[in-house]
Structures are given as C-alpha cells and as structure tokens.
C-alpha cells in the first residue's frame, strides 16, 4: 500500500476514509457480502494514499473471509504500513437473513493520549 | 448455540448483531410482539455463530414472554455460552396502545475496563 | 372475518389499513418472512372490522406460503367477504439475500369508475 | 362554524389545512384515538375561518366515534357550511395493535372540472 | 418589480423560485406569520429578476394580510408584471394552534397547453 | 398504578416507555396540549405495568396543568410507586405560537452510581 | 434461470424484486461498479424464482459491461425466459466522479393495456 | 419579561424552549436574518412565562443586530430576569452566501454542578 | 463532446445522469453558483460518453452565466450532439439570499410519443 | 482576512460557520474536489468577519491542493489571524471512486480548559 508523508506531523489530527462499496465473499456459502469500511486514524509520519487504499480494498472482492477476520486483517495491514498514533476500523455489513452486523477495532500507540472521535455508527 | 473461536483474542474489539425481525408472544394477551434485538459484545475466547444465533432467536416466535423477561433471558443465555469480556442486549419494541418500549442490559467481566460503545438507540 | 355496515354507501370513498407487523413462513426453507400488508378499498355495503382483520392476519404466522400466493389469498378472502367496489392488496417484504420484494394486486367491480389512489410504495 | 368571504371567487384555487393534533375516542373500547385531519378544498363563496375550524375539531375530543364515521361527519359539516366547488377530507390515524389506518373522502360540485391536488399521503 | 428578457422565448420551459424565509403579519392578532413562497412559471417575453423579487417579498414583512389574500396578491402582481404563459404560486405556512396551511393558485394564458409540473408539496 | 416484581433485581438495567400520544389541557387558555412522555428508569423491586401506566397517562386528558407541573407530577407519582434506583421523565411538547418546549427531570437513589442513558431528545 | 408457474394467471398483477447489492466491472477502467437492479413485471404464465434470479445477478460480479448494455441484457434475458405481459428493468448506479446514473427500460406484450406502476426512482 | 415561580425549586431540572421562527435584521445590509433560538435552563426561583418570552423575541423583528451580539443580548436579558442555576442560548441561522452559522453561550451559577444536556445541534 | 453508439436503438428507453457537483459563476456578482444538473434522455443513434460529459460540465467552472442561460445552453449543446428522441435538462441551484431556484427544459423529436419520466425534483 | 472585535470577550462561547459550497482542485488529477468546511471556535479578542471569510474560501476555487493540506492551511491561517482560545476545522469531502473522506484538526490555547462541542459529523 502506497503512503505519503504526513504534511503536519507536529499535530494530532484525524483523517477518515469511508468506503461504502466494499465487497468480499462468505467462505461458508460462497455468497457475496457487501459492506462499508470506515478507516479513522491519527497519522504519525505517514498517511495512506487514497487511490492505492481503494485498490487494496478491491483485492477482497473475490476473497472468502469472515466479517471478524477481514476487519482484523485490514487493521493489521494498515497498522503495519502506517505505524499510526491511533487507528480504528469499523465494518458495517448489509443484512443476511434479517440480521445485520458491525465490527469495530481500534488501537493506540502506547504514548498516545489525544481525544478520539465517536464511532462512525 | 454454536460458537467459534475469537480470531483475535489479543485485542478488545466490538462485535454487533442487529436482528430487526424478532417476534415473540405476549403471555397476557396472546398477541404477537415485534421488536429489534441488538447484541453488542467484546469477545473473549468465543464468538457466536451468526446463523445459529438467528435460529436461537427464531425459537421465541411462539413463546409467551414479557419484554423485561426475554431481554434478561437472552442476556443470560449469551453470557453463559460466550463468557464475554463485556456484553449488552437492547430490545426495542414496536408500539402497543400508543406506547413503545426499550429494555437495555449490560454486563462486564470483573477485570474488563475497555471503553464501550454508546447505546444503539 | 367480521364486517360492519358501510356508514355512507352513497359515496365512493377510500379506506386504508396498513399492517406493518405481518409474518408468515417460507414453505421452502421454513424460515420466517416479515412484511407489511396494505389493504386499500372502496367499500360497497360492508367494511372490514379492524380487530377481526388483525386476527385474520395473525393466522398466517405459522403458515408456509409464498409471497405471490399469500397476496392472492388475502385478496380473494377480502373480496369474497366485502364485495367491494374496488380493492387493492400490496405486500412489501423485508429483504432476503440482498433482494426485497413487493407484490401488488387490485380489482374493481365491473361498474366502478371512480379514481383510485396511487400505490402505497 | 364561522366563515368568511372568498377573497377571490373568480378563480379556482386550493386551500389546505393540516391539523396534526386531532383526537377522539373509540366508541368500542373507550380508548383515545389520535390522528391528523387534512382538509383540502376549492372555495366557492365562503372560506372556513381557521380558529373556528380548530375549535370545531376540538369538539371531538371526548366523543366516541369510529374512523369512517368521523371522516364522513367532518365532510358533511364542511360541505353544508361552505358549499365548496370541491372538497376532500383525509384522516390519518396512529397505529392500534400494529395496524394504522387512513380514510379519504372527496366531493365535487356538479359543474366543477378543475384539476385537483394529489392525496396528502 | 424588475424583469429581464426571456433568453429563449422559443421554448416552453419552467422556472421555479423557492423562498423559504417569507414572513408577514396576521391582521387579526398582529402576530408574525412565517412561510415558504414557491413561484413556478413558464415565461413568455419576461423573466423576474431574482434579487428584485426577493426585495418585493421583503415588503410583506410588516404588512397585516391573511394567507389567502397574500397568495392572491403575489399572483396578481407577478401576472401583471410578467404576462407569463403559465404561473403558479404556492404558500406553505408554519403551524398556528396545531394547524398548518397551504394555499395554491395557478393561471394559464388562453393558448397555453404545455404540460405543468406537480405541486411543490 | 399497578406494578409487578422486577424479574431480575440483581442487575442494574434500563427500561424505557415512550408514550407519543399524551394530551392534557392548558389551564390558562383551555386549549389542548399534545406531547410525548418518555419514562426511563432502573428498577429496584418493582416495575410499572404497561397497560396501567397507559391508563394513568389517559387521566390527564381533560386536566388543566402546565408543562413544568405535569412533568414534576408524573415524576413524583412514579417515584412514590416504584421506589426506583434511578428515574427520568422527559416531556416533549408540540409547538404553540412558533415555540416548542421540552422538560426533563431525573432522580437517583442515594446509593445509585450506575451509568445512565443519554437524553431521549 | 429457474421459473415457476404464475399462481394466478387470471389476473394482471405486479411483482417487484429490488436487488440493492448488484456489482459488475467497468470494461474501460476495470474498476467495480455498484448499483441497484429493480425488476418490475406483470407475469403471464411464469414467475422468476427468487433465489435463482439472485444467482443470475451474481454472475455479473466479474463481467466487464457498461451501464446501458447490462440493463438491456438483463431485460432481454428476463423477457426471453418469462414472456411477461409487461416488464421493466431499472438500474440505479452509485456515483463516479460526481455523476450518478440511472437506466430504465420497459416493454409490454402487444395486447397488454393494464396500468403500470410509477418508476422506482 | 414576565416570570412565574418555579413549581419545584427543590430539584435541578431542565426546561427548553425552541423558537424556530426568529427573525432580526442584518445591521450591515439591512436584509432580514432568520434563525432558531434555543433556550435551555435549570431554573432557580423563577421560570420564564412562555407567551411573554415569545413577545420578547418578536421585539427583535426589526432590530439591526449581528448574530454574536443578539445571542449575547438574549443571554444577558434572561440571566438578569431569571437568575437561573444554569442557562444556555443557542442561535442557529439560515445560510447567507453559502455559509450558515451557529452561536452557543452558556453560564452556570457558581455553586451549580448538576449535569447539563448536550448541545441542541 | 464524445458519444458512443446506442447499444439498443430498437427500443425507447431512458438514460439519466445526475451531476451533483456543478458550479459556474454569477455574471452579475462574480460569486460562484453551485447546483445539480440532471440530464434525462431517450437516445436515438447516440449516447453521451459519461467521462466526456463530466469534462464538458467542468468547463463552466469559471464561466459567468445566469441560471436560465446555462440550462438552455446545455440543452442546446446536448441536442445538437445527440439528436435524441427526447431530452430534458433540470438544474437545481443552492439558495442565494434565502431563495433557491430550479430550471427545467425538455424537447421531443417530432415523431416521439413514448412516455416520459416525472421531473427529478 | 478581515476581523471584528469580540463583542463579549469576558465569556467563553462558541461560534460556528458551516460552508457547504467549498471547492478546490486535486493537484494530482486536475479534477475539482467539493466539500464542506466547518469552522468552530471560541474567540478571544477577535471574530472573523463572515463575508470576508467567504471570499477567503473562494480563493481555493482554482488551487491544486490535497485534503489534508488544505485543512491544515485553513487552520493555520485562521489561528494566525484570530489567535482564538480554541479552534477546530473539519473538512468533509464528496466521494471519489466510492470513498468519501473527512479531516478534523483542533487546537487550544495553553490556558484554555472550557468544554468543547462534539464533532460536526
């Protein structure tokens, strides 16, 4: 995943990218899952390049992976790449059989104590 | 109720399942009640399997049970099954006679002190 | 189904009952279906009694029946009972596997030529 | 009901009063019913005075009367008072036992052929 | 009221100006009335200049005038000024004592038979 | 007011009843007031019976009482009856003369320190 | 595509399936397109089986095809399969570069003259 | 401004009046400004009389005064009159030139430490 | 403006492109105007290429042109380019000084008599 | 950027200006970006003049600048000009390629410890 230098590393500030057209495949049924992926983070040295991040999300289009697993995976990949001060992934899934689901994971650098925004939903 | 292993027990993260098609029966009048059941939890070792959870909720379809009791019962069953770090049940009921009701119960493991999400409604 | 006399048979006017808590069972999968049943009609001699109509709809709670069939069945039962000047049934179903459905049926007495209201949805 | 002279009888134009705080009593159960009363009309010689119309609607507060009957009654009273070119009453009722209802009645003077507005709901 | 030449008199087309901040005074109580004035018209030779039309509406700020009268007055003034092929005024008033009102007037030149848009509300 | 035993007194949990069809009378003008009454509480030994609570609210239908007073009165009556761990009443009133109002009162037992839900509105 | 017999061929009635999770691929850029496919039809002898229709739509997941072409293709496939009395396909696409698009096609059997419902959007 | 005695001075509770039809005049351009004035307070000995408060707000109708100044002025007038335990004024203005504005001021008595409601918007 | 061949010229069908990020400049004040441009048409031999149409709209970014004129100009340019069976342009403008505007123009080929969709707004 | 004196420097209060018609240019693609800029601040000695602030935002219309950079730049310019007690900039961008973004930056004077409002979105 391509990154660029944080234009203002002297400040703790919040960047949010809301991808409403995420799709992957249920590994159990083979049926497609549709959802929204919300990335919210406080950058340290690096920011994620938006177009490259989009292509990264496209890569899940035909992967069989569960809701909880894909959320943890995106979390891990972005933390590895960006080394952020604080980062949260929220995945919001369209309903299946009358039940719709949300998964939310966040992580802060040990020395981060800035305020963090409320959940996306 | 079927469960599966938490894919990332090293993290405190939040899973939410919103079942908008819940129905049970009023034990007093015999009339059907309709509502939404929102399960929100921080898993420890186990996650609830979504399809099995759906079938568990279907079992209330013809049971006579009050709003407060069914909420406490779902709470107890899920806590017994999942032994979660933190868990909340919210039931949101369609109106009867011009009054609509909500019941909210939550419980944390003794050593849990992660942040918890706001109420669903 | 209980009926009562149209209080003003000298006029063509429109009565609508919107039942948002309808549920039946899919005969193929055994899973519950949830939907809204909208009855719109121009009464002739008889009107449907609201409480009895509600109980009539409750009778589908554990019946296995397809979307198209249940809509036709409610249509037939009400037309037989009320002999209305004009009547429409619309059933609006919650999504299954990413697809939600609507069925609309209407029927006029041969000599009816009043204006009719637009579809409910 | 007090009236005032149509300030422009040379034109067919439409006046609408939407009363969202109507309440009467169900003659069967004695419980209050709540609804919205929408009056739409093309005046001829007379317009209804708004404050007096409000007081007229207040008079139903403790009357036991069914949905269909009260709609026909308001219709009759206003037509008698105003002798309008065209007039429609729509009553939209809050739900009872999971079903909400609408009643719509309209009437035109024999020689009226102006266009009429769509239903309020 | 200032006007400008219709830039395309060869076509029947529709112009709409929605003024959501109209206020006048109730001549009976002296209290302010608040509403939205929607002007929709098919121009012939002239279009109304937007800024001047705004000032024209401001002139009602301290005038005592009833709902029906002010709607007819704006109608007359615009028709006199613009000589339009077709014109409609709709005034939508904030509630007073639990009742909110709408007045709608339209007028076509004798030889106009273009289609006209639906009511604004 | 009828009550029933809290089915789970070992837990602090929240019950909410939202009555959207409340009406009383303004003691000054004699005109009806319409509003929503939201009761939210953490039960101790007793819960309020829903149908009886509805009838209790109906009793205000023809009483002349101000916004602030009726909110305090419902508060006092429910606290006396239920002896709750925590209780809040919110009344939300339809507009009068362009101003709509809200009154909110809450009270906790001396030893209660559970978290409380956000305001209803 | 699997079909089943129209349970009531004696009536002209309307069936609608709204698939909000459609995705295909832009043949020019290779990027995914997301949209809603609305099928509305009056059946003659056959109805489309819902689950099979869903799988038919899934087949476009990795196909490169333009908005206009995919809408015509679904139209042709369904008409060939169902030989309906009347059928409409509407595709509603998420925005690209600030522009979102809709395509609507409908077709009636030569002898069909029933009324047809308004566009979905 | 007329006041009345707080019916329950023994409690800290919140009263809110939302006036959606406020208008004043921009001192720079002479054009009218439109907005909503939200008064939220915890009364001490006195409550503001609603009708009189409405007339007080009407007095700004033809006054030239800036957003920030009018918010501070209403604040000062109400605090002087009511001597409240806590009070907040929020003014929410309709857009001008593509920008809409909000001003929020609050003030607590020195010994007040009750909880306060969230901002109105 | 680039075009491509209508993939199905044998049918009358409707294509709609909704551009919500249109901006031009007011020739009188030099201030930017913001709006939505809705193009709806029944193609004959040619369809407009979406990306090229976007660039065409971008060309107005710094042009001084009135609401009525820009709508007529886009209409003329598209009709010249596409020679459509039927075409409508609607421009919906953000408010200026409390008034927001809409302009709607449509045109049909002499021999076109297909049905046309309702206005976008 | 023009400023004016804070009319009430003795109080900590909040001013918010929401500019929904912001546009700049993507430096990478040359395509326009559209967004909303929300300025929220607690003034010290100076307030920003609204009309001049609008012109300041217009200056970005043809500048090539990234989301993160423009947000930091507006932040820096306003802090330099106003020397506020507290200030937050939020930029909310329309979607590109299925992803929409938000950037939020805030800064407090060293001795400021007033409460601050929640994020705009």
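As written, the chain order gives the labels A, B, C, D, E, F, G, H, I and J, with residue 1 at the start of each chain.
We take it that a residue touches a chain if its C-beta (ideal position, glycine included) is under 8 Å from a C-beta of that chain, and two chains touch if they have at least 3 such contacts.
Source: prediction; values computed, not measured.
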Graph separation of chain F and chain J (steps between touching chains): 2
Chain centre separation (chain A, chain F; CA means) in Å: 42
Whole-Å gap separating chain A and chain J, where each centre is the average of the chain's CA atoms: 26
Chain D and chain F, separation of their C-alpha mean positions in angstrom: 33
Rounded Å distance, chain D centre to chain G centre (Cα mean): 42
Multi-chain contact residues (two or more partners), chain D: 20-21, 31-32, 34, 94-98, 118
Listing of all chain pairs that touch each other, if any do: A-B, A-C, A-G, A-J, B-C, B-D, B-F, C-D, C-G, D-E, D-F, E-F, E-H, E-I, F-H, G-I, G-J, H-I, H-J, I-J
Touching residues (chain side chain D, partner chain E) in the complex: 6-8, 11, 13-21, 47, 50-51, 53-54, 117-118
Residues of chain A touching chain G in the complex: 20-21, 23, 31-32, 34, 58, 61-62, 94
Chain E-facing residues of chain I, complex: 66-69, 71-72, 95-107, 118-119
Interfacial residue positions of chain D with respect to chain B in the complex: 31-32, 34, 94-98
